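Here's the structure, in structure tokens; my notes come after.
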Amino acid sequence: MKCKSLVILLFVCGFFALAAAEEGSGPPDSTHVDSIPPPTPVSMLTARDSENDHGHSVTLMWELSTDDGAGQNSVLSYEIFRWVPFFMDTLQSIRDSLAGAEGTIAEQLRKRRDQAIAMIPGAHKSYPEQGGWRKIGTALSGQSSYEDVGVKDRGSPDYMADHTDYYYLVDAVTADPAIRAPSEIVGPVQSFGQFFNTGRIPVFVAVLVFGLLTILFVTRARRGAELYVRPLAGIEAVDDAIGRATEMGKPILYVLGLGSAADIGTIASFTILGRVAKRVAEYQTKLIVPCYDPIVMTVAQETVKAAFLDAGRPDDYYEDIVYFVTQSQFAYVAAVNGTMLRELPATNMYMGVFFAESLILAETGALAGSIQIAGTDQVAQLPFFIVACDYTLIGEELYAASAYLGREPILLGSLKAQDYAKAAVIILAALGLLAASLNWTAFINLFSVTS
Amino acid sequence: MRRQIPLALVFIFGVFMIFQYFVPHESSEWIYEFLLDWIYIIGIFALALGIWSLIRVSVAKIKTRKSGWGYPVITMAGLFLMILFGFTGYRDGSWGFHFMTAEGLSNPMFRNFFDYIMIPIQSTMFALLAFFIASAAYRAFRARNVLASLLLVAALVVMLRFNPYLGPFGTIIADTASWLLNVPNLAAKRAIIIGIGLGMVGTALKIILGIERGYMGKG
Amino acid sequence: MNIFDRMMSLDRRWVFLFLAVVCVITYIVDFQIPIRVESEVRTIHEFIDTLKPDEIVFIAIDYDPNALAELHPMCYAVMEHCFRKNLKVIITALSQNGPGMAEQAILDISDSLKLDREYNGILYEGREIRKGVDYAFLGYKPYFALVILGMGQNFRLPFPTDYYGTPLDSIPMMQGVQNYDQVACVVDLSAGNITDAWIAYGQGRFYFPLALGLTGVMGADYYPYLNSKQIFGLMAGLYGAAQYEELADNPGLAKDGMRIQVYAHLVIIFFILIGNIGYFMSRSEKKRQGR
Amino acid sequence: MRRTTIIAMAVVLGLFILSWILRSASYVTVQEHYLIGGLKVTFSAFLTLAILSFLYKDNPFYKFAEHLFVGVSAAFWMSMGFWTTIVGNLVPRISQSLSEFFQVPYQPGSYNFVYFIPVILGIMLLMRLSRNRGWLARWPLAFIVGTTAGLNFVRYLRSDFMEQVSATFVPLFVDWKGVGYFISHFSLSASGQFVAIVANWVIFLGVICGIIYFFFSKEHKGVFGAASRVGIWVLMITFGASFGYTVMGRISLLVGRITFLFRDWLGWIS
């Protein structure tokens, strides 16, 4: 809920930034509106550089007007003003002429613009001479802060340069825009970018802990420590399925899903494909891999080719084992459906990222009488695979599958690291529950990532 | 060399992206945006490879003249017609290499193919799910054991949540259904998501460290 | 193969056929099904039903065409109910495509109001509803949060004129109507974050009775507001709309949709039961034969 | 066999033409020729039925629609990708003359040279087609995989791990307010602290047991095994409930197609 209202606030603020740029839509005919007594202004207005950002931003905070939500209850919004030197109009005029310019003139104008941008900090030094107050945004009643991020375009007169002195004031505004109360002026304040985001320290610690755990267990595994892994039905089925396909003389269909090569789920699927392809090559069974994403297709071709090489059968590899269909969800599904009913594969494997098509594929496969093994990290599609497939790797099991299939100690070692992390989660959850019940907020705050 | 350089690239870019996350400074954000743009651009080159693969597979099927060789001809016809519509257009009084104009698409046939071929097939494929969800339910919801029974009962309760013919049980079922959807659902999803998070993080780390190279065909 | 084995392994094409036939029949044949009504919809209906003639209901039509299927039926049901009860209605549309939705609803409801109808055993005579007398459509203004806040002071601040350009002061039904204080309740029909603004900046600040109409997916997120009494009623999705139609005895789009849904669900449940009966019977049969 | 196929084809063709004539006759719009309008609706309906026929069995009509869809959609995304990414994003950054050719505004900038890197990487990717230089294609792939692995590493650590863990930090002490209503009505929708606390307990235990189910390196025996068993129960209940919940949305999709066939095409319902 909190998150949702925050989104609204941002949304509204964004609109107001636009509104400030336009302005103009003046007060309506307010003859029939009762006259409103002037409200009290905001107090304790402060301005400072926004934390943990890339600069170009100043955060204002204040205490609400006593007439906001209380007192006369007349304050509807706060208008934020920044002192802007007339020099910024020069920037605007350069921008205007740049819009229509071409060739060498544009080149010169661009140079002039860059010079002008370099002069922004100097121009702000002239405060309070040679400039004026400009409305830069609005905060709704009840809000006691505002983040001024200016405009990202460096040529714009609203661009906020770093290391520049800015001055602000905030008006408490009533329903009648003419009736308002200005605050005191704050400034100078400068904005600048940070090199480390302190709000993300908890994530940083987690990265370190997790990285060290993984490296620790991988090195231990490399030294040859015995590691137990519990059996997973879906994984054991893979070998049987390949054997079955060989006996029946029918192909194996491997679907990588709709993910791109950027999805870790797809990358995990490549590894599984590699293992499957190797065994397929050994057994000399036919493999079919239709692809949705062209990059995924390219990687899958590499994977399968190398697997055939590994199995000592490079001559059996041909390019069209892995082929591209189309990058359209349902066209891809239509084609894979057709393949399933025409080639009648002994086994269908669905590994990777899937969306609504999961059930269409799995039901058609069941119709064709194939054994089906699925694995996905898309929580919403798990129910359909569970219902329609013979074996399903649920979430994390998909990632564990590559280690299981390879039985390599190094990969199994990293599974151990994941298990320790899970144990840590359980302990933390228990502690967190105590903390929440006893109102021990310090502990809870350890985990809050603020930006 | 042929294997080492790609692995080094993976390591360098992987580590860079991790550090980038903690550095809010402008220069770090610029590089981040550049890198994301690059991926899209490389993706288009890859798409050319994809289309090439589609054409090759289709042509190979046509050449064999085995039964059904006519269908790849339809694929190719659709492909080349749509490419023709997508890359030619009418603007400023002449036909040429255009796509959009101020009035919209410069070749209206592109839009027509989208509206009257792609849309109806796409939405019908999607609508097939209504049938498949029914057949999957019939086939799989059997009370064979504890797990299957739980699956079955939960699905039945939720499917009956707005059924008007249940009399006094209606409210209880509706309440139970919404409780199931809000409470255990949240628990299970969270457990799965934490597991997925760990699996993803572990896999990503293994990729960056070069332990997991299955995607390069080296297990 | 005995009957139970057959029940267990029906060709799935029977399932497809049965489902298709049921969906098409329930789509084409217009018959009524009962709808079980939940208390959160009943409160809305009761509230509006017990208002006296000429009281004002404020209907905020804040959705776009993509949520039309779920929210339009609610809008029709509530609006028709208000007009039949001789209430007056103020309408705003704070989402970009809202005015189109609102105008369509007003047009259709005016047509429907011309007919004599009997609802819940009471005969309502057909009548002409007039712009400015029975309803005022204020239109669309950007920055919904500010508009909601502004209307708390006076409707004339964000809307000096109505959607058609008539100054609010020349609209008969707006005489003496300043702000939410003169309105009996606000019904917000929205598919997005405008709902939050109505709760936070509208109800949270001016304390008028607020009821919500939402899409089915959003529903669960807003139940807490019912418990905290910030809203007095809530309709979620097609089912919520169907409940209102049921209460108002005015079957429409939502009940049509629910009819198909209920029967389609029953078909699926029917096949699940058949499969399970077959499974258990053939298993016990086999056990018996085994002995 | 062959003859029945031909008859079926002829019947469908006849119906198609009949529908075309009837639709055209009742087509009213001034924007386009009525024969074109009739053809559009008829062809859409034909494709819709062709896909639906797949439910009976694979057949030539489905194959036709499928193959047509694959070709058209592949070209659709290729055109869109070319015009938005190459022309919209790349060309304005790297070449003035090409920008003028495509009539897009040229956007010079001092860092634009970096946009040649993805072009080079893209060309390396195309090297796959060459027999000897195919290994070069691994470089761009390594770039993509490395970048996204790093990107996902931290982001998922945060969103799927840290934030989910801290979301389980909820108070679990029982507050007996509201227990009376819960018992008297046995209603899970009852408001009040008690039901909320029960929900918190269920969520907490469900999460713990669910996580235990995912342990790989420990045998699921004894207490641990029992917890893991509860974990998979919770998962199954959830999967069942989600499945049941999805039915409504899927039926709506079907109703959408029924509406198209019966209203827009056949014109039976207004």
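Letters are used for the chains, namely A, B, C and D, taken in the order the chains are written, and counting of residues starts over at 1 for each.
Note that in this section a residue touches a chain if its C-beta (ideal position, glycine included) is under 8 Å from a C-beta of that chain, and two chains touch if they have at least 3 such contacts.
It should be emphasised that the depicted structure is a prediction, and the values quoted were computed from it without experimental measurement.
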Next item on the list: Taking all protein C-alpha atoms shown, work out their mean, then name the chain whose own C-alpha mean is nearest to it.
Entry: D
Next item on the list: Between B-D and A-D, name the chain pair that shares the greater number of C-beta pairs in contact.
Entry: B-D
Check: Measuring from the mean C-alpha position of chain B to the mean C-alpha position of chain D, what distance in angstrom results?
Finding: 5
Notebook entry, point to check: Per the centroid of Cα atoms for each chain, what is the distance between chain A and chain D, given in Å?
Noted result: 18
Checklist line | Mean-CA-position distance for chain C and chain B (Å) | finding: 33
Check: How far is the middle of chain A from the middle of chain C, if each middle is the mean of its Cα atoms, in Å?
Finding: 34
Next item on the list: Could you tell me which residues belong to chain A and also touch two or more other chains?
Entry: 200, 203, 207, 210, 261-262, 264, 267, 295, 298-299, 302, 324-328, 330-331, 334, 342, 382, 384, 386-387, 394-396, 400, 415, 418, 422, 425
Item checked: Multi-partner residues of chain D (each touching 2 or more other chains) -> 51, 54-55, 63, 65-66, 69-74, 76-77, 125, 128, 138, 141, 144-145, 148-149, 151-154, 156-157, 161, 165, 168, 204, 207-208, 211, 214, 235-236, 238-240, 242-243, 246-247, 251, 254
Next item on the list: Note the residues in chain C that touch 2 or more other chains, in rising order.
Entry: 12, 16, 23, 261, 264-265, 268
Checklist line | Residues of chain D touching chain A in the complex | finding: 51, 54, 57-58, 62-63, 65-66, 69-74, 76-77, 108, 125, 128, 137-138, 141, 144-145, 148-149, 151-154, 156-158, 161-163, 165-166, 168-173, 204, 207-208, 211-212, 214-220, 235-236, 238-240, 242-243, 246
Note to self: Looking at the complex, which residues from chain B come into contact with chain A?
What the structure shows: 18, 21-26, 28-29, 39, 42-43, 46-51, 53-54, 56-57, 60, 68, 118, 121-122, 125-126, 128-129, 132-133, 135-137, 139-141, 151, 189, 192-196, 198-207, 209, 211-212, 214-219
Check: Mind pulling up the chain B residues that touch chain C in the complex?
Finding: 130-131, 133-135, 137-139, 141-144, 152, 155-156, 159-160, 162-166, 170-171, 174, 178, 181-182
Next item on the list: Flag every residue of chain C that touches chain D in the complex, lowest number first.
Entry: 13, 16, 23-24, 27-28, 69, 216, 227, 257, 260-261, 264-265, 268
Margin query: Quick check: in the complex, which residue numbers of chain D touch chain B?
Written below: 40, 43-45, 47-48, 51-52, 54-55, 63-83, 85-87, 89-90, 101-102, 111, 114-115, 117-119, 121-123, 125-126, 128-129, 135, 138-157, 159-161, 164-165, 167-168, 186-189, 199, 202-211, 213-214, 231-247, 250-251, 253-254, 256-257, 260
